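The structure follows.
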Amino acid sequence: EGLYAPNMAYRTGPFAALGIPLMNGQADYMTMLNERDGGVGGVPVDFSECETGYSTEKGVECYEKTKGTAIVTQPWSTGITLQVLPKTNVDEIPILAPGYGFSPMSEGGTFQWAYNPPASYWDGAYMIVSHIAGGDMSTLKGKKIAFLHLDHPFGKEPLPLLEQMAEEHGFELVPVPVGLKEMQNQSAQWLQIRRERPDNVIMWGWGAMNSAAIQEAVKTRYPMDQFYGVWWAGHDPDLAAVGEEGKGYKSISWSMPQPDSGLMADIKKYVIDTGKTQTTEDQLNSVFYQRGLVMSMMLAEGIKAAQEHTGNATIGPKDLRWGLENLNITDEKLAELGMEGMVPPFSTSCSNHTGHSGAWILEWDGAKFTQASDLLQADQSVIKSLAEAKAAEYADANAPWPVVECDS
Amino acid sequence: MFEGADAVMDASAGYVTEDGRQIGGVLMEMKNITLRFGGVVAIKDISFDIREGEIRAIIGPNGAGKSSMLNIISGFYTPSEGSVWYQGAPRPPMRPYEVARMGVARTFQNIALFEGMTVLDNVMTGRLTKMNAGIANQALWWGKARDEEVANREKVEEIIDFLEIQAIRKTPVGRLPYGLKKRVELARALAAEPSILLLDEPMAGMNVEEKEDMSRFILDVNDEFGTTIALIEHDMGVVMDLSDRVVVMDYGKKIGDGTPDEVRNNQDVIDAYLGVQH
Amino acid sequence: MFYRTSGQFKTSYTADMALFPVRQDAILLAIILAFAWVILPLTASEFAFQTLLIPILIYSLAAMGLNILTGYAGQLSLGTAAFMGVGAYACYKLVTIMPWMNPVVAILLSGVFSAGVGVAFGIPSLRIKGFYLAIATLAAQFFLVWLFEKWAWLYNYNASGAIQVPTLQMFGVTVAGPTASSHVQYYVVLGIVSLMTILCINLTRGTLGRTWKATRDMDIAAELIGINLMKSKLTAFAISSYIVGVSGALFVFMWRGAAEPNLFDIPLSFRILFIAIIGGLGSILGNYLGAILIVGLPVILNTLPETFGIPISSATVEHLNIMIVGALIVFFLIIEPHGLARLWALIREKLVIWPFPH
Amino acid sequence: MLDAGRTQETLLEVNNIEVIYNHVILVLKGVSLSVPKGGITALLGGNGAGKTTTLKAISNLLHSERGEVTKGSVIYKGERVQDLDPAALVKKGVIQVMEGRHCFEHLTVEENLMTGAYTRHDGRGAVDADLQMVYDYFPRLKERRKSQAGYTSGGEQQMVAIGRALMSRPECILLDEPSMGLAPQLVEQIFEIVKSVNENEGVSFLLAEQNTNVALRYAHHGYILESGRVVMDGSAADLRENPDVKEFYLGMSEEGRKSFRDVRSYRRRKRWLS
Amino acid sequence: MDFLNSLLVQPFADMFAAPDFLMQVLWEGLVSGILYALIALGFVLIFRSSRIFNFAQGIMVVFAALTLVGFHEMGVPAWISVILSLGVMFVLAVSIERVVLRPLVGQPDIILFMATIGITLFLIGFGELIFGGENKIMITEELGIPTGEFIFEPFGGFLLLEQKDVTAVVVAAVLVIALLAFLNKTRMGRAIRALGDDHQAALSVGISLQTIWVLVWFIAGIIALVTGIAWGARAGVSFALEVIAYKALPVLMLGGLESITGAIIGGLMIGLFEKLFEIYWGQPLLGGNTETWFAFVLALFVLLFRPQGLFGERIIERV
């Protein structure tokens, strides 16, 4: 039958706008492997989707439905991730949550079955703040930074880190929550921003919230170059709607579209031209579509590692867990995959389920996103200690929670 | 099975009717009642009394304020001026359900049955004031709740027998024809064992035969249980035959009060209401 | 023929008021109970427990709570989910503050909190009626969900703002948390739901039930025949919210394992309202029928394309699902506006006189 | 009191109709009657006899109550009208005044009357003239023209309902229990108006009534309906003299009017039911 | 003391300190209020004519806007797209009348309410199937709606009014006046109101339910399209817009379910008060986001004193 790696997609509901290009990218990568190489290690990958509409309830239903035969769970929402996290300990099935989920999941000793490579939200928040500081955190003193976020587990994720940093570096953090129902009607939030006059705005937004926020920012005359978004807030069409006026807007990203890469050539050849996709032509070089490719690459590499480790082409969830824990995405590896520059190199281990690849700042130039920084890195000494503390807290609150000591 | 009001009555009052029934003292008295709705004056300074054991009719043209008067008696409207005296004392302002618990039961001009319930349940609601088992008891269908249910069911069955509606006991009232609905409404009112029963056009929309039945029930209730009855009706035949005394209202004012014969011959009443002499 | 009731005479009012005056009903119920308590647990798969059995029971209970308020007492509420939330958060606080507490006791206790909140939000019903009241209940819906989001104490200051069910044990058996077995959870849910059902049946056929129905059918008349509307409405709010609260606690503790505030948002309220209405307002049985339909239908629809091997993307299936559920709601309302329970009653009436048409 | 001068041309004819509610409740079991042009025809009978149902079957208002005519036909001016919708029938000149008044509570009295002219397309002038006519018949309505119908008294509402029907310039009015809940004087008044509308405007009436006494005084012809069947019919004068009608519908015994106090005795059964 | 200060003194001090900001807040409130009111108008119209509480009004807004954008994406010129979208709304009205309303005539209110929720679900599924879930951009410029800004500098501050918002306000005003005239002065309008009071009686005087309902749902569809354009111009068009439709509910409650005037005034009040509350009390004191519930609570309080809303028809309670 092949390797069953279902994806809990959301092509419906209020967040579909974001989900569709990402899920297209993910699916296309696997289709390409199946077409070109007959799958991974000669075994085809069954990458069918289970629609959740970003509803946690449906997500759990998908999890229950697939967990018997699936080798991995890709929950695709922080809410679903949190929900299935305890269950995976029992069911022994790895969660792959690339670039989302619960930041302390990097602590592999505590979260043995959860992986969120290549970077966590805390990494992202840290890098944005350090970019604002221009590398010198002391310049932050006395600054005011507004944190515009979805009032939802996802949006609140970076708060503990940002609060800690604000205290440490002496800037004022103004959290500005956006309710799920207010996503498209943010005038109150932007009035607050106008009143507070923050030096920077960091946005942790999702779905329709981002485009509304960008439009409001333009309207309020907020200087775009002081406005930063998480990697989910760097969706090309959102910016295209404001065009020139969005010039200067920045988004952190651990992926970078590479239109001329070898991978894209293969994708075109095996997937697009054969019509085995839902992708539209104009999506191909967007940030989100190509990020989807990277996500599936991580899964495929995990599978490969597991196959090599066990010596079997057909692997189970436990084997994949080992594979995801031993990802080693080097520059050479990326070159081999035809993905140079699409994602920074990183590797995972038992004590590091995230990889902490670092990320770039992308900047909207009025027509497209361009790379606007070198590779940034979060200071892991700060993040690690916070993650350890929060992981311990989590294990405590959910006792008895199995925890292992990591050797590596 | 019903006891009338057992309060002490004004001993001096009381009279004997033509057919020899002893009527007691004043049970309820309206004193200078005025009722306004915004600018509309529905009732203007009306006073009259209802004596224990009598059948008192209220008649008058449409919109005279008869139903409003009944609504005042049963506490649904609060008079703008004046007050209702009950058993010799002014009644403090109270909610309709409190009035009902004092022994005032009624039927409605436009049938107000609980359409979603069966006849039996409708009549049982008339006895809700008599049931007071706790929620826990009821939830477990145990002890007091259960005994109460059985005891009250027996009472209700007596009333159902009395009004000859046994056959439709378990029928949802929504499905009943008009005449039977009116009868069920009467049953519900009787179930409360009222000391005074207010009937708002109990015979509207009935044919002669059914009116005859209804008359029989009203007389029996009055006779057997000594229940005081206040009655609004447009069928002059019924009013003249059944009632002991009649109040006539017109545009919110009282234009006559007395025995049916007195009223029938009152020129004001003829002009305002009867049209031709009945 | 199987449903012939002739020959079954009642000789006392007590017998006439028994729960199942018709023998066949009692037999049918016995069969269903046997299924629920013995046969299903033996045969059902893990998937069936998690996506059908447990949620159907929990949704039935929530709908029953709503039905008390809307179907029996006539007060339309659109805020059911928020009261489930109150139950769930109350239960979470109870078990985290007092970890020694028996989980079932905690679940039953948590209903008390939502009953209290329910009464507070029920007070406007004394003045406000009909759709105005329905919209007013949305105030509870939106305010409470907002509160779940903002009041960090409720979720023990978790960074994510979500609550996570800890592992709970009762008499040495794990009943909640990730390691609890579906069988155990199913029995806990079934036990509580069965108990609540019996209590609800008794309440709705007795004094209180009649008070509520009178309030529903014509509140003015009810007050004029001696019913204290305030008491009637507020008890309905209290009892309804209690049941809904318990169902909310079960929802999170016996099924979902975790919850974020917007889980208790308006779509859940509507789903429960659907169950109550499609099942039949003013009926206890209807809640089960409605839940089977509304919970079961999407699960079945989801598996259909696979079973028939129709190549169709999961998103399209989802779109079609939503359309079909919407269309079916309209369809069932047209077939029998009084719900599946009434449909069953009609069938039963026909069976009683079968083989004669009238 | 059949008017000799009137034409005997049949305006409306009901042939053996059967009506079933909710697919199961058989209410009319073959009712036939005819309404002569320019006449007042009374449909009498007890509660639940099927009077309202008959009228609704004619005016095609049964559908919204889940009822349907399963047999027989309704002929108006020689044309089958069963399959028309109510609006088309109103245009043809048949309008029903429903039992229990059914005014539009939140519309003013005058707006209520104006809705009666909904199907008309003969210009403002004509409608205004008819409005004036209605006010002439019912001066009381003119006084209350600006108040919401929901706040007018029962009698006034009945006047509104009849006036509203007149506004459609009908040829035939189906009048359902006009006397219900009205004071005796008003009952007379309303029937007087019916009579003068009938005489002055030439409108035919089919009226369902429980108040047999009054109805037979104003009608030309009567039908008596019991449990969904016509059990008797004849000219109003004949019916009034019939001993059964006298006993059961007029409340008279051989010795004249009975008192309601004396009805506690055993009653004779109706002959036609045994 | 501190608390009282921040509750009763500070907000007003803030208002005085930055009057230009206050004016901006009021304007934003006003604009969202108008947009809520537009959604509410559709509700009111349908409620008046049939006592149906049309929950689908919100989704009709989304659906209408998506249709418009969808046609334009297919290359149809903007104004032709508008006409085609109106055609679609008409077909929708006819189908809803045929398939849903006609078989349900005479059923209790709550059943019809449920049916409209069924319609809502159907339209969501259907709309996503056809248009996909992506956020679309309203064709504001193509429709000739001005997109510039008016900038004022009151008290030396800064006040920005977007021209498209101004357009929305003007359109809303025109729509309301037209609707009021239609309902109160025309034969059809009277028939619509009559129908709302008593279906049976309306039938009996020859008012055709079918015609009126199709008409009313079609007008509601037109209002939905206008609303969709106005909202879409602000926030883009996607199904996420549906949640905004909930805001029409407190507006209805406050204004009264059957009042056109009520919808407008209720909308303005809700828009203004919720914005003021959020900015001056909600954000500083309650952690923000009070807009999700404030409107409902405000309406609830008003209802405690006027159970039929500010402009609703008095509930006639008689026995």
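Each chain gets a letter, A, B, C, D and E, in the order it is written, and its residues are counted from 1.
By definition in this document, a residue touches a chain if its C-beta (ideal position, glycine included) is under 8 Å from a C-beta of that chain, and two chains touch if they have at least 3 such contacts.
Because the structure is predicted, anything quoted here is derived from the model rather than measured.
Peer 1: Could you run down the chains that neighbour subunit A and subunit B together?
Peer 2: A chain counts here if it touches both subunit A and subunit B, which gives C, E.
Peer 1: Taking each chain's centre as the mean of its Cα atoms, which chain lies farthest from subunit D?
Peer 2: The most distant chain relative to subunit D turns out to be A.
Peer 1: Name whichever of C-E and A-C has more C-beta pairs touching across its two chains.
Peer 2: C-E
Peer 1: Once you find the CA centre of subunit D and the CA centre of subunit E, what distance in Å lies between them?
Peer 2: It comes to 45 Å between the two C-alpha centres.
Peer 1: Taking the mean of the C-alpha atoms as each chain's centre, how many Å separate subunit C from subunit D?
Peer 2: 49
Peer 1: Would you mind pulling out the distance in Å between where the CA atoms of subunit A average out and where those of subunit D do?
Peer 2: 76
Peer 1: Approximately how many whole Å separate the CA-defined centres of subunit B and subunit C?
Peer 2: 42
Peer 1: Of all residues in subunit A, which are in touch with two or more distinct other chains?
Peer 2: In subunit A, the residues touching two or more other chains are 11-12, 151, 179-181.
Peer 1: Could you tell me which residues belong to subunit E and also touch two or more other chains?
Peer 2: Each of 128, 246, 287, 289, 292, 319 in subunit E touches at least two other chains.
Peer 1: Out of subunit D, which residues touch more than one other chain, so two or more?
Peer 2: 151
Peer 1: Looking at the whole structure, which two-chain pairs count as touching?
Peer 2: A-C, A-E, B-C, B-D, B-E, C-E, D-E
Peer 1: What residues on subunit A touch subunit E, complex-wise?
Peer 2: 11-14, 16-17, 19-20, 151, 176-185, 187-189, 191-192, 194-195, 207-208, 211-212, 215, 219-221, 237-238, 241
Peer 1: Where on subunit B is subunit E touching in the complex?
Peer 2: Residues 67, 71, 76, 108-110, 112 of subunit B touch subunit E in their complex.
Peer 1: Name, in rising order, each residue of subunit C that touches subunit E in their complex.
Peer 2: 70, 76, 124, 127-132, 134-136, 138-139, 142-143, 145-146, 149-150, 220-221, 224, 266, 270, 273-274, 277, 281, 316, 318-330, 333-334, 337
Peer 1: Touching residues of subunit B toward subunit C in the complex: what are they?
Peer 2: 74-76, 95-97, 100-101, 105-106, 108, 112-117, 121, 124-126, 128-129, 131, 133, 135, 138-141, 145-146, 148-150, 153-154, 157, 188-189, 192
Peer 1: Write out the stretch or stretches of subunit E touching subunit D in their complex.
Peer 2: 105-106, 187, 190-191, 193-194, 196-208, 210, 258, 313, 316
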